[in-house]
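First chain A sits with chain B, and in the next complex the same chain sits with chain C.
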Partner chain A sequence: MATYIAKRVGQSVLTLFLTITTVFVLLRLAPGDPAAAYAGPNPTTEDLERIRAQFGLDDSILVQYGTFLKGLVTGDLGTSFSFQAPALDVVLERLPYTITLAVSAIVVTALVAIPLGVWMARRADTAKEFGANLLTITGQSMPDFWSGIMLLTVFAVVVPVFPASGFTSWGGLVLPTLTIAILQIALISRMVRREMSTNMAAPYLTVARSRGVGERALTWRYAMTNSAIPVLTALGTRFAAMLNGVVVVEVVFAWPGVGSLVVRALETRDYPLIQATVLVTAALTVLVQLLIDLAYPLLDPRVRLAKTAKQKTAPAVAAPEGALA
Partner chain B sequence: MTTTLTPGPATAPAPAERPSAVTPADLKNAGARRRERSARVKLRVGGVCTLLVVLPVLLASVLPLPGPDEQDLAERRLPPLSAGHLFGTDQLGRDLLSRILHGGQTSLMIGLLAIVVSGLIGIALGAAAGFFGGWVDAVVSRLLEAQLSLPLLLMLLLVVALFGPSIPVITAVIAIAQWPEVARLTRSLVLVERGKPYVAAATVLGLRRVSVLTRHVVPNVLPQATLVVLLLLAQAVLLESALSYLGAGPERPFATWGRIISDGQDYITTSWWLVTLPGLFIVLLVVGVNLLGDGLRDRTRRPRGLVRRVLSRKPQEA
Partner chain C sequence: MVFPIPHDSTPILEVTDLQVELVTADRVVRAVDGVSFRISRGETVTIIGESGSGKSTTAMGVLQLLPHDLAVLSGSVKVGGVDLLVDTDAARRIRGRMVSLIPQDPMTALSPVHSVGKQLTGAVRLAGHPRGKARARAVELLEAVRIPRPEEQLDKYPHQLSGGMLQRVLIAIALAGHPVLLVADEPTSALDVTVQAGILDLLLELQERTGIGILMITHDLGVARLVSDRIHVMKDGRFVESGDAEQVVEHPREEYTQRLLAAVPQLGTFDEDTPVEVPA
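== the complex of A and B ==
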């Protein structure tokens, strides 16, 4: 167990390192001068040079990379160009908002999608299930920015029930959560239905039924426990993806999370801020994925992490379906 | 070869002299028949939805519409059903329907190109990983895993910022985002096929490993892989519109759907159609493609005619 965790943490650190290096290189290759974005209209050449020197942009890429790595070890991710504050602090200040949104969205998704999926599996091939099926297909076919704007128009402009943007009260959480949940419910419930249908047709269920186990127990205690791992993996992967910032939804609702932060940072070419955001969110994502993997043996006693590490990765890799938050 | 094989019970109605407890009504309501019916409904509805979007988009330059970039400041933000403007006009007096259809050409082209690229890469790498195993599998699997832990949309935005929002760049970016899904599926399918006797037989007959893979294994996994690639078209259209919405979409020749929506967002309180109608176009197309994919997967009967030849092609020589 300990060796397994150590190995996984080692892999995660390597992944993070590669990710952040990729971002670093991509950023330095990108056209567009952060100094120009920062200097304001009609800068003089001296202005630009002064700013470049101040941000350390006049060094060669290798020197910049060295400085960056040195900072990484000491937990200093540089100063954000546009906020004039430590980039890490700016990100950490926004992070709670994204986490709040992600948690509420995943909770709503789980609460709706699992019962819905089970219901669809039990009513397989009926007219009702067909109707639910059409609804979920529509749900997964709506672009999230569009459904967000539609919800916003109806519930914040036409009938002003909820605040339109930002996070001023807890009511502001409702519309973004709904927007994310519509898509996720559609995806997860279809997945639950698939898993449950497979398990409900399994021989062990027939045996249990013939021994007189009630339908409710058959569904939840027998079929559901066996569907738990793929379902949990899917939910976890979705949650991890949301921590990367539900970029589009945050932009639509002007939600003060890391997603909208990163879009702004990209526009202003705020290198340290982009790097800090990527590093923090990627670290969180990797952490969540690790926690999911560690939860497998709790759900299924047959799973032994250290020995079957190879097989175990199979569900984790197979899970996402259109996994773009 | 084209004689249809209906599922068992339906072809053999109970002989009159030996009455069966299974009534025709039971047969009609049997799970398989119901599944088949719903698959047929899905295929038809999906086909209609897709055509409703694709046909007008393809005919955009033939239809009697004002040009998508013709501005008329006197006719700004006319509501739908105004004279000469079925969908109304936008903030610069441009015909909304014309803009949607011309933008749709770009969206569709990017989507189609992207799934062709991601399909080819995904099937090739996935099949190689599944069939050869060893270091090939290790490399491909690590790549798949690495991409899963990357903040994908952010990376896509970054790459678009790097190379500029041109159509080839956006196509490539979407293909990069999508190939893992095809590769994963192909790999797992090939892993199953690899153990089947015909592979051993082909090897014994002296075929080279690459030939076994390309001539015998790949044709057997193609139907299912193609289906996933079709479903990815829906994802590609959604992804392209999201990129456009965030300002990383193609601007030339015409603004695509996501861009039209983000431009119209500023006027949502007074001109609802600027956002609603392009969005409905996206939804209609994506629902159509998803239904087609679902229907194809669910149908119990083997497809006939053209679809069958495309989806379940057999290798030419045994």
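== the complex of A and C ==
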């Protein structure tokens, strides 16, 4: 186990290094001049050169990269052009808001989508299930910028129960959370339904029923635990994606998170800030993915015992859906 | 829950004119078309037939394990005098307590993420044993089905055991609630030939010891001949021939039974000129 974790951590560090390097190079290959973005209207050539020198942009890419790596080792990701503050600090200041929104959205999603998916699986091919199915397809089809604006219009403007923007009170969390959750509930509940239907048709479930196990235990103790890996993978992957900043929702609700920050950083070609954002969110994604992987052996004995089993080879566990999404 | 224990003369299971209609996407198929049979204490009754003959549907119908929305049952299925088709809740009460299933493929019949012990003690606790004594009773049951080192096996997961061992575990689970009838749905067809004999021996031994009745579903004449008191030959949802095991095997009256018997491969002189007779 220790070797496994060490190996995974090593892989993660490599992944992060490659990610940040790619972003570093792509930024500098992309058109657009940061100096022009900061110089104000009608800059003179001297102005631009002064700014480039100030930002260290007059060096060659290799020298810039070397400076960047040197800083990286000491935890210094450079100074944000637009904030004139350490880029890492700017990102870390925004991060709690994004984490709060992501946790809130994933908790709501899990609490609604899992029971809903199970409910649909148990009532497969009934009128009620058809209705629920229709609702989830609708939820899945609504773009988040649209559902966000609709929620905003109804619950912040027409009936002002929740604040329209920002995070000044916990009430401000409600509408952004709902906007994200509508889409995620639709996706996850359909996936739970599919997994549960498969497991509820499995032979071991009929055999368990034949020995007198009640329907509730069949559903939750048997079918649900056997569906746990794909469901957890899907939730974890969605959660990791949210930690990268839910850009559209953050912009619609003026949420002070990483998502709206990255939009601003891109607009202003704020290289250090973009790099810091990518590094932090990529690190979070890698961490969540690692936690999901570490949970597999806890949920499935075939994974847990695969390495130590001498008796026979474990049946291959199909790669859970969405693992690479 | 106390069930009347049938006297030796009254049947444990009495099936009268059972019909099962399966609703498919475009039509209704009568999978079982008016079969009647009975099983008394200590008896083994076998339904033999080819795939699609309706034999497994009959077994699942007896246990009320066919999907309610897809299968329509009529006739009567009396277990210990209670008609399961009239008292629709009765099946739920008797399953595992009076009637147990031994499934066809042991490799898929246990939940892969729960240990063998967890599933066995679950069955033991459903049978009314308190939590504290469930493990001891589970060990007892594994000993009864001749599983070596039962304590160790309890902590294993299904994928760590062989098919034969799993089938023994499933028999132990089936016995947890002291049933009077076992429904064995092709219990050996997924196992190696060498393992099959051991499982059949075990079933016969348990029957001798406890007087349990067995409804055996098989397509294997060798199995039927070995274990049965009576045999029903099933084809297209009906019994084409019924009788004592010896009579059906040695002196079949119906042409279909004769063809079924003739289809059993026999070792003889190698003669590639004579084509092998395959029943239609």
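In the analysis below, the second predicted complex is superposed on the first by the 304 of 325 C-alpha atoms of A that agree within 3 Å, B and C clash if a C-alpha of one lies under 4 Å from a C-alpha of the other, contacts with A are read in each partner's own complex, and residues count from 1 in each chain.
Note that in this section a contact is a pair of C-beta atoms (placed from the backbone, for glycine too) under 8 Å apart; a residue touches a chain by one contact, two chains touch by 3 or more.
Given the structure is predicted, the values throughout are model-derived calculations rather than measurements.
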item	value
Which of chain B and chain C A:208 touches, first, second, both or neither	second
Which of chain B and chain C A:188 touches, first, second, both or neither	neither
Partner chain in contact with A:266 - chain B first, chain C second, else both or neither	first
Touched partner set for A:279, first chain B, second chain C, both or neither	neither
Chain B versus chain C as contact partner of A:299, first or second or both or neither	second
Which of chain B and chain C A:130 touches, first, second, both or neither	first
First, second, both or neither for A:225, with chain B first and chain C second	second
Partner touching more residues of chain A, whether chain B or chain C	B
Chain B versus chain C as contact partner of A:150, first or second or both or neither	first
Where chain A meets both chain C and chain B, residue numbers	125
Footprint of chain A on chain C - complex, ascending	63, 65, 69, 92, 95-97, 100-101, 103, 105, 108-115, 119, 122-123, 126, 157, 159-162, 170, 173-174, 176-177
Contact footprint of chain B on chain A as seen in their complex	15, 18-19, 22-23, 26-27, 29-32, 124-126, 130, 133, 137-138, 140-146, 149-150, 152-153, 157, 237, 241, 244-245, 247-248, 251, 262-263, 266, 274, 277-278, 281-282, 285-286, 289, 313, 317-318, 320-325
Footprint of chain A on chain B - complex, ascending	31, 34-35, 38, 41, 141, 144-146, 148-155, 157-159, 161-162, 164, 177, 181, 184, 188, 234-235, 238-239, 241-242, 245-246, 258, 261-262, 265, 268-269, 272, 275-276, 279, 282-283, 286-287, 290-291, 294
Parts of chain A lying in touch with chain C, wherever the complex brings them together	125, 202-213, 222, 225-226, 228, 299-302, 305, 309, 311-312, 314-315
